[in-house]
Every structure is written in structure tokens, then in C-alpha cells.
Amino acid sequence: MGSDKNKLLDAYRRMKSIREFEERIHVENTTGEIPGFVHLYAGQEAIATAVCKHLKDSDYIGSTHRGHGHSIAKGCDINGMMAEIYGKKNGLCAGKGGSMHIADFEKGMLGANAIVGGNPPLVIGAALTAKVQGTDGVAVSFSGDGASNQGTTFESMNMAVVLQLPVVFIFENNGYGEGTGCDYAVGAESIAQRAEGFGLPAVQVDGTDFFAVEAAAKEAINRARTGQGPSAIEAVAMRFYGHFEGDPQAYRSAEELTQLRETGDCLKIFRDKVEAGKHVTKADLDQIDQEVKSVIDSAVKAAREADFPTKDDLLTDVYVSY
Amino acid sequence: MTQKTIREALNDALRQEMRRDNNVIILGEDVAGGHGGTGVIDAYGGPLGVTKGLIGEFGANRVIDTPITESAIMGAAAGAAATGLRPIAELMFVDFMGVCFDQIFNQAAKFRYMFGGKTRTPMVIRTTIGAGMRTAAQHSQCLYHMFTSVPGLKCVMPSNAYDAKGLLIEAIRDDDPVIFFENKLLYDHACDVPDESYAIPFGEANVVREGHDITIVAFSRMVHIAEEAAKTLASEGISVEVIDPRTTSPLDEETILESVEKTGRLVVVDESAARCGMAADIAGLVAEKGFSSLKGPIIQITPPHTPVPFSPPLEDAFIPSAATVVAGVHRLLK
Amino acid sequence: MGSDKNKLLDAYRRMKSIREFEERIHVENTTGEIPGFVHLYAGQEAIATAVCKHLKDSDYIGSTHRGHGHSIAKGCDINGMMAEIYGKKNGLCAGKGGSMHIADFEKGMLGANAIVGGNPPLVIGAALTAKVQGTDGVAVSFSGDGASNQGTTFESMNMAVVLQLPVVFIFENNGYGEGTGCDYAVGAESIAQRAEGFGLPAVQVDGTDFFAVEAAAKEAINRARTGQGPSAIEAVAMRFYGHFEGDPQAYRSAEELTQLRETGDCLKIFRDKVEAGKHVTKADLDQIDQEVKSVIDSAVKAAREADFPTKDDLLTDVYVSY
Amino acid sequence: MTQKTIREALNDALRQEMRRDNNVIILGEDVAGGHGGTGVIDAYGGPLGVTKGLIGEFGANRVIDTPITESAIMGAAAGAAATGLRPIAELMFVDFMGVCFDQIFNQAAKFRYMFGGKTRTPMVIRTTIGAGMRTAAQHSQCLYHMFTSVPGLKCVMPSNAYDAKGLLIEAIRDDDPVIFFENKLLYDHACDVPDESYAIPFGEANVVREGHDITIVAFSRMVHIAEEAAKTLASEGISVEVIDPRTTSPLDEETILESVEKTGRLVVVDESAARCGMAADIAGLVAEKGFSSLKGPIIQITPPHTPVPFSPPLEDAFIPSAATVVAGVHRLLK
């Protein structure tokens, strides 16, 4: 019972951390202090959180250009992430990667990836390591609806089936790849159905419903962990913001944009469900909101104050030895 | 004549050529944008706005939004070119060439030769290059040296809006596959650009600035860096000739060699690569064909042999700057 | 009736021409006069022939490394092909392409292709030309079972569905990609089923049965020609020879190799069917055998006697202008 | 010591390293062959026979046949390398890089830098290069200049069996991604090769032949062409030093520069590309850092700027030959 409650609170904290992280970057980005492109995950928090809940540090995930949520869900240090996004030397990647390349191998985070379709081949490699070494490790690939059309993604699914790799392909269908609708760009009936044609179990779930994703992910990850091969999950949830910060989003109707947070907010939906249950109170959740806020506050503060790398760092870490 | 940015000049060129020839089409990711979903069509007009408005005039049959699927885009362009269209395919960032290079270098580039001269592949690939936008290792490369090394491809990289328009029109009319490299940092760069249509032939370098002490050959945005350095050097009494080859394949060897004959000294400023890059290519050319004119070593100013870093101070140190060019010239004259 | 007979005889002549062409190269290759790799199409003749029967010169096909059959079926000149395979200046590609790059745009033959998965993207381009120009042209991509796993192939199917292109994807399942079985390398239930998941009609047919392929191709090509979008056909028929000439084929059992021609010979099967009918006699077909033999004889003779290109040709035709 | 071919030497290296370290695995198309279908496993042992017998000793868990799906192969190797294995991935012909380059140059090569030094990617890509087998434009390229230009990759190209074994062992033990280029025409080339295991460090050129009139730098099979030319030239009284850098990245600049200091003359013989190729790279290096030693132009002997033709007389004219090298030297000494 207590453990149930803790699990719910943990899940909420993760989701809320992602939301707060992204909302805050949305604001801070306007100051001009954050270099380069940022792609926010707000709206999709339930997906990363519910999937990564079933993973250990020794399991791996591969992510996308929209990687903050996956990173937080997998346990990356929030201060290190924020510092990285600000291009600071104490960032998770020493300031060399930035938002699109956050990685933390200690936490099994194989990296955000700025190439659409870039991570699935890498993720099957992590799964191959588990298979060859005979561990019970699992690897999870997160891809968007847009990335689901990329050749690399298809190849990875087939190879995973052929080699029966312990891998799960998560397709986050947020309706758009940049400014192009998924209903236009995906020729198939659904991403899940197309994946199923590759010979792996595939389901479509409501990505705003933490519990729906959790159940599907549990089954798929368990399948992988017990040597029963790969699976795919299509989780549908819209992003709250533009493709990148600054995107005017003319490809979305005003109606869609206003409805988003009313009907598609996974945090609200989660709250409604758990507050109706008996373990968790509104006060518990409100308290987490406060705590998360202060965590993000101090992460931003620290990141802003941290030092940039210096010219000397330019030439290091290209090779292990050269 | 009106002042136009490179973005506007390119839009001009596309529009004029599409009016002129119904076989000219555009395809790529979000070249219009807004297909599917709930919003309006032409929501993007190209990720960087270059193709804005074209779908309105030419329709979805000729301005074609595609899925994110670069091999299919490049292949479709090559196949369409070989069968009667003149496609302009967009590769959003040249960094993405790794997922579609085969269709470019093994297919489109080699058709004519492999098939014994019996085909033409009049396609243009428009793509963006260049560091400086804090977009890190996978969105900041130049890579044109790789394309330049491929027989069968033509490589074009305008440094200003006038050239951008004239070279793009030439590219669209050209019967060979052309890769057109647009520097992301130059889109808002403006100069006088005629409203009417005009073409600039490939393989004719532009002598951006005349001088007699030293020749600087530079490409794309590096032309501006070279000019900046030339100004500083002029104030020291050093007279620099700056050459913008505009196309690396074909390359105007003559203008470069003649300049070096005059100055006896060469610096190449290039953002593509420290190894096997355009700087080495030009250096190698002159070390062979212009050796007798040389009064000193050929200096290559390039980024270091590292990926493009994200953090601003690192990226700034990565890109050749006027200061590093000036330092290179000083080294040479010492 | 007479026209029925002629169609049957035409089909037989095409198939027999391919068979004789390949059998003869199999023999001539041992003389050492044929440069490079050759991949023979013998065993799969019914597929190319039945498909191309529905195509006009203005329709396009894209082919593979195993392209002789497709070329002959699409109407390429046999003398020009043979000369090309021998590397001669009067070859279809002036000796610059060879067996793996035979092309003839006049005949709508977009080229053999030495890159597995190389042709589908090109073929959708040919289909795009037809669509943009508003002709009723159709484009057909031939790929092997091995090529069906390549990312480029998947991308092309999705793009064809999205743009509703007049294209047909033919997958020739001959059981192997080099030395690896299709049953191993294709993770899906079948190639056709996986294609269907992309949102295009797909069927599996017996590729040794000319009439089965013909019917499926007719439907698919008609669909494309009338603006109803792309289709896929998986046609199953084994190759008689190794992957390339010289391949010892240890990946096939002795039993499989001996049974091939007994049970899987599309020419025999065709003969049995049509001889049982009323239009065509054994004598008609025997006569074609004779005629074809002499056509191939003289093609080989001419190719052997033709001139090689000279050094001057090395530098020509890289560009239209440079 | 026994005479071994390059094919045998490579097989040796693979077997010894796989015995030494269970994390070394092999993956690729038909690296064993015979999976599925009706015949026997290890039917191929690699398309060119290099991995023959390994599946028998190490099993299908470590010698992994894959579908034809190069992006998935290269990506799987990179992902496996980053998570604890030492994969050796086979890219059957380097010409196929166009369908998988992203996983090599944007992913594997950049991991360490992008991720701030926190990861290692100890993978080897074995691939084949070179014209001369009449395999035409898409199966005959060298392309190592493109890989050499990519920061984060190491590029290795042995010219003989001794080097092949030692360099492959080094490559497998190296913690960075290494591309190992095997010339198709050299597989049967034999020399004395120790049975025991040994590693040859990267970045150390081999002075194949000493001389004092002229330096020839050559790569892979071109080393043998250079040696042949050197013999002819010796008979004319011209003393040639032939240098085989063995790795282009890292490159042993020192040995090259020292040799040119001695001879004052440089010819580079390279099969990769006429533009932005290895020949230009070496020429550019010496034109900058060795200029003061130079007594004449730097001659590049490369194929012309054309795809590789199929027909034997054309292909023979395409590839640099001893005769063209000799002619180049004569031109230089004139």
C-alpha cells in the first residue's frame, strides 16, 4: 500500500519534473542565454515516465532531438542536464553536446540524437550487448511519428526480430513531424499496425494515460527481459509547444492549440485518476509541485552561473587516443 | 535593382524557373508544411523559409511535402530527373547526407557515366551548411569536400545574394546533378539583386577583392571572413586578393593560378574539413600547377580535426575567424 | 484467338530468350572473356516476363544486380546487352556499365543496380514524373527478398502511399540473399504481409506460374495506371544458379539443387499448361526454341568480335557539360 | 614464420582476438552464411572468405549473420560498442557506405566528443576497396578520403599481410571507431606472417624502400605500384623512397616530412579521388609544413575525375599504374 503510494508519487514527481523543466526552458529561452535549438517534451511526459519506470540503470534507452523528457525519466541528473543545455563546462556532456545530444551512459541514457531515425540502430546494438553477454538487459528506442517513416527505423525493427533482441520500440505519435501531420506522412493505417507487419507484437495506447502506457510497457519490457524478443508500442499524445522554441505553429489550428491542455494534459489526467483513488491526496501532489519547482529553480540558477568551457577544451575528447 | 537577402534571392530564382518550365518541381520535408494536421498549408515554406509562397502559386503537384525519408526524397528526385522532370530536392541540413548519400553519389552522380552517356539527370539538391548557430555536431557541418570529390556531381556555394540567385537559376537549368550549399548564417545577408532572371555560369570564380601581396581563396561564408581579414591587413599595408570560386566542381583553376602567379602566396580559408577538405584540394592544385610562382608555404585555415562543438566559446574557436586568417597571413609573410 | 496465341508465343519467346541468354552466359563465363560479376536470372523468367507484358516502352522499370531478365522482358536489345556484358564499346552502356548497370531509357529500363535497395527510390521518382506530368505512365520496381529488408525499400513504399504514386513493387523471393535464407533474414510472416502493413494492396503469388504473376501484375499495374496508387506483389521462384557465377552454393542442400529444375522450372510449367490448351502446339514452341537459340548465338558471336572502348572513352560522359 | 595471404592473416587476427576477449564479436552479411535455407552454416565465411571457420569456433552468438541492412548493422555495432562489446562489423564493399554513413560519421565517430568524453566506441568496420576486378562504378571505389576527413574515425589500410594482421589486432584493441580498408586485389598477396599475436601501432608509417632523389607516398595497393615504379626508376639511376603511411588517420606526418626534407621531391600515388582525396591531403600537408624542402612541384597521381568504368581497357587506364607513376616522376625531374 505504502509502496503503491510511493510508486504513484515517484511517477508524478518524474512527470512533473519534466513538465517543469520544459516550461521553465520555454521561459528562459526568451532571454537568449540558451544557445541553439530546443525541442520541448511537454505534453508527452506520461510516455517516457511510464516506460522508464520499468527500466534499471543498466538498461538502455535511445532518444531523439526531443530528449529532455527521456533523460529525466531515465534518471539523468537535472542539474547536469540544465548546465548542458546552457553550454556549460559542468554539463552532462561538458558543454559539447547541448540539448540535442544529452547522454549519460551511467544511467543507461545512450543519447538524444539530432538525426531523425538515428537512435533505433544504436538501440538494437545495446540490446545485442545484453544478448551476447547473456544479461537480462533491455534496450528501448524512443522515436517520433515522423521518425517512424525513416529507413533506419524499419531496418532496426527487422533486425531486432531476426536476432530476437531484447528491445522495445516506442513510437511517440504527437501528431506532427515538424509541420507535417502524421495523418499525411504515415501511409499506413497506424504506426503500430505497420510495426506489427514486421513480425513483432505491437499495440497502440493513449499516451496521455500514464497507466495505459505503463501496462503496455510492462508487458513489452518483460517480454524483452525474458528472452521473448522485441515489441513495439505506439503512444499517442500531443506536444504542447511548437516543434522547436520559436515555431509559430501555423500547421496547427487555434482550436487544437487551445484544447491541448484541457483534454490532453497527462498530468491533469494522472491527478484526476489518483486523487480519486485512496492512496494519494491532492496535498501530496501539491507538495511535489513545490519541491520540483525549487529543484528546477536551482538548476537554472546553477546553470546560469556555471562556467563555460574554454578554448583548451575544443581539442579534447575527439579520440580516446590519437 | 533592389536589395534582397539570400533567402529572397533564392525564392526569386525558384519562382522564376518554375514559371518558365513546368517540369521544375520542388520536393522535401516541409517545403510547404501543413499537410495533414489541423492548420494551414505553407505553414513553413521550407524549414528556413526559402520556398515560402511557392505552393500557393504552383500547387501541391509541384511543391511536394514528403515524409522524413531522405533516401526516398533523393532517389525520387534522381528518378524523376532521369525521366523528364527537373526536380529540386531539399536536404534540410547537409549533415543528413548520411541517410541518403547512396542515392546521390552512387545513383544520380553515376547514371550518365555508367549508362554510357545515354541519360541526363537534371536535379538540384538544395541543402544548408555551416557552423555558428549553436546547433552542435549533427547540424553544423559543411561536408562539401565529400561531394566535390564525387565525379558526376557539381557543387555550388554562393557567398552573396546576387550569386545565390544567378547560380541557382544556372543549377536548375543545368543537365547534371548539382548540389547547392546554402550557408545558414548567410540567409539574411543582402545585396543588390536584379528582379529579372539571370544565370551565372559554373566554374567562374569571382575575384571579390584585388590585391598583389597574397591570394586568399575562400568558400561560402568564409569569403566574408577573408574580406574582413583583408581589410585588417590592408590597414597594415598588406594587399590581399580574395577569390571566391563559387563552385568547387567545376573549379576555376585558372583564376586561382593566375592570382598566385601574381602574388606568389596563397592562404586557403575553408570551413569544410582539416583533412582531405577543400583547403587541401586547393593547396594540392597550386603545389602542383602553380609551384613555380610560390614564394612561401601554402597556409590552410580550417577548423580543427574535431566535430563541431555546441558551447558558444568552443564553437567560436572552432570556426575560422578573421583573426586566425590574419595570423595565418602573418605566419606566411614572416 | 489468333491474338491469344500470339500473346502466348510472345510470352514464351521472352522467357525462353532470358533462359537461353543466361544459360549461355553461364557457359561463356568459363572462358574468362566476361569481365566482373554476373548474376543469372534463370528460374525467375516468368516473373519479369509476366509483369513487363503489361508495360509500354514509356513505362519504367528499375532493376537489380540480377537484371538481365528484367532488361530482356522490358525490350532491351539483346545484342546491345550481350556486348555490354562483354565490356564492348557497342554495348548498351558503351562498355562503361557492364552486367550490373545495364540501362536503356528508350525502352523504359532505368537500370540494373548494384546497390541492394538502390532502385525503389528511383522508381518512385519515375512514377512521380508520370504523376506530375499527368500521363498514365506506370513504374515498376523489382527487388529481391534480401532487398526487401533494406531501409530504402521501406521508405519508398511509404512515400509511394503518401503521394499515391503509380508504382508497383515486385519482390522476387528466390529464397536467398547471397548465402542467407529469406526465412532467416525476413522477420515478418511474409514479404507481402509486411508490405501490406505500409498501406498498399499486396499479394503473394507463385512466381513459377506465368499466369498467376500475369493476373496479379495486371491488377496492380491497372490500379497504378488508373490513379489508384501503389501495390506490391511477392512472387516466389528459386534461382537455378548460384548468387553469382562461381558460387559453390553450400547454403543450398543437394536435394534442393536437384529438385529445382524438376519442380520449379517456369518454362516447363508454362509449356505444360499451354500445350494442354488448344492454341499452341509443341511444335510452335520448339520452333521458338530454335529461333531464340540462334538469336543468342549470334549475340555472343557479335559481342566477342566487337571492339573494346579505347582510352579516349575514359573521360567522356561524366557530365553533360563541365 | 609462415607465408600467409592477407586473407589468412586477417583470419588469424580475428581468431586470436576473439579467443582473447569474449566481447569481440563479428556481424555482417554472410559473415558465416547459410542461415535459413537448406544448406550448411558457414557456407560463405564472409563474402571474400576472411571470416571462414570463425562461427565453428565461436558460435552464432558471436559471429552474427544479418539481413542486408547496413544502417542497422553499423548502428548495432556502434550501440554495442558503446555498451560493452568490441564489435567488428563488415561493410561488404565500401561503396555501400551511402546507405549507412550516418551511423558511422554522425553517430559512432562523434559519440565521444558530443558526449563530453564520457564514452568509448571500440568498434571496427572491415570493408573492401579498390578497382581492378571489373566490378564497375558501384563496387570498385576506395572512398577512404571521406572517412579520413571525419574527426573521430581512425582509418587503416594495410598493403601487405604482415601489416594486415598487426593492424587489425591493433584496431580491435583500440578504443575508438576504426575503419579497416582491405583492398580486394590484395587478398591473395602473401608474405611472412608470425603465428603469434602482435599489434602495429597506428600513425607509424612504413618506409617500404629507402631512397634519396624523390619521395613517393602511396596507400594500400598503390604501395605496390609505387614499388614497381621505383624499381624501373632505379634502373634509370633515380633513387626513390617509398612511404606507406598504413593509417591515414592518424597520419605519420613526421616520416613524410623528414623524407621530403631529404629528397626535396614528392609524388603521391593514391586511388581514392582526384579531388579532395588523400593525394591532395598529403600534398597540402607538405606544401604547408615541408615547403622549404621542396625543389619542385608536388605531383599527384590519381585516377581521373570519373566513376570507375567497367570495360577492362577503361578500368586499366583509370587505375594509377607504374607507368603513370614513372611518367609523373619524369615530369617532376624535368
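Order as written gives the chain letters A, B, C and D; numbering starts at 1 within each chain.
In the analysis below, a contact is a pair of C-beta atoms (placed from the backbone, for glycine too) under 8 Å apart; a residue touches a chain by one contact, two chains touch by 3 or more.
In this text the structure is predicted, and so the values were computed from the model without any measurement.
Centroid analysis (C-alpha atoms only) places A farthest from chain D.
Rounded to whole angstrom units, the spacing between the C-alpha centres of chain C and chain D is 35.
Averaged Cα coordinates give chain B a centre that lies 30 Å from the centre of chain D.
The geometric centre of chain B is 39 Å away from that of chain C, both derived from CA atoms. Counting only residues that touch two or more partner chains, chain C has 93, 95-97, 101, 113, 115, 118, 149-152, 155, 158-159, 162, 184-187, 318.
Contact with two or more other chains is made by residues 66-67, 69, 71-72, 95-96, 98-99, 102-103, 106, 113-114, 136-138, 151-152, 304-307, 309-310 of chain B.
Contact topology of the protein chains: fully connected, every pair of chains touching.
Contacts from chain B toward chain C in the complex involve residues 23, 25, 27, 61-62, 64, 66-67, 69, 71-85, 87, 102-103, 106-107, 111-120, 151-152, 154, 174-176, 203, 250. Chain D meets chain C in the complex at residues 29-30, 33-40, 43-44, 47, 65-69, 71-72, 95-96, 98-99, 133-139, 304-307, 309-314, 317-318. Listed in rising order, the residues of chain A touching chain D in the complex are 60, 62, 91-97, 101, 103-105, 110-111, 113, 115, 118, 120-129, 131-133, 139, 151-152, 155-156, 158-159, 162-163, 316-322. Residues 35-37, 87-89, 93, 95-98, 100-101, 113-118, 146-147, 149-152, 175-187, 248-253, 255-256, 308-311, 313-315, 318 of chain A touch chain B in their complex.
Residues 149-155, 157-162, 184-189, 193-200 of chain C are the ones that touch chain A when the two sit in their complex.
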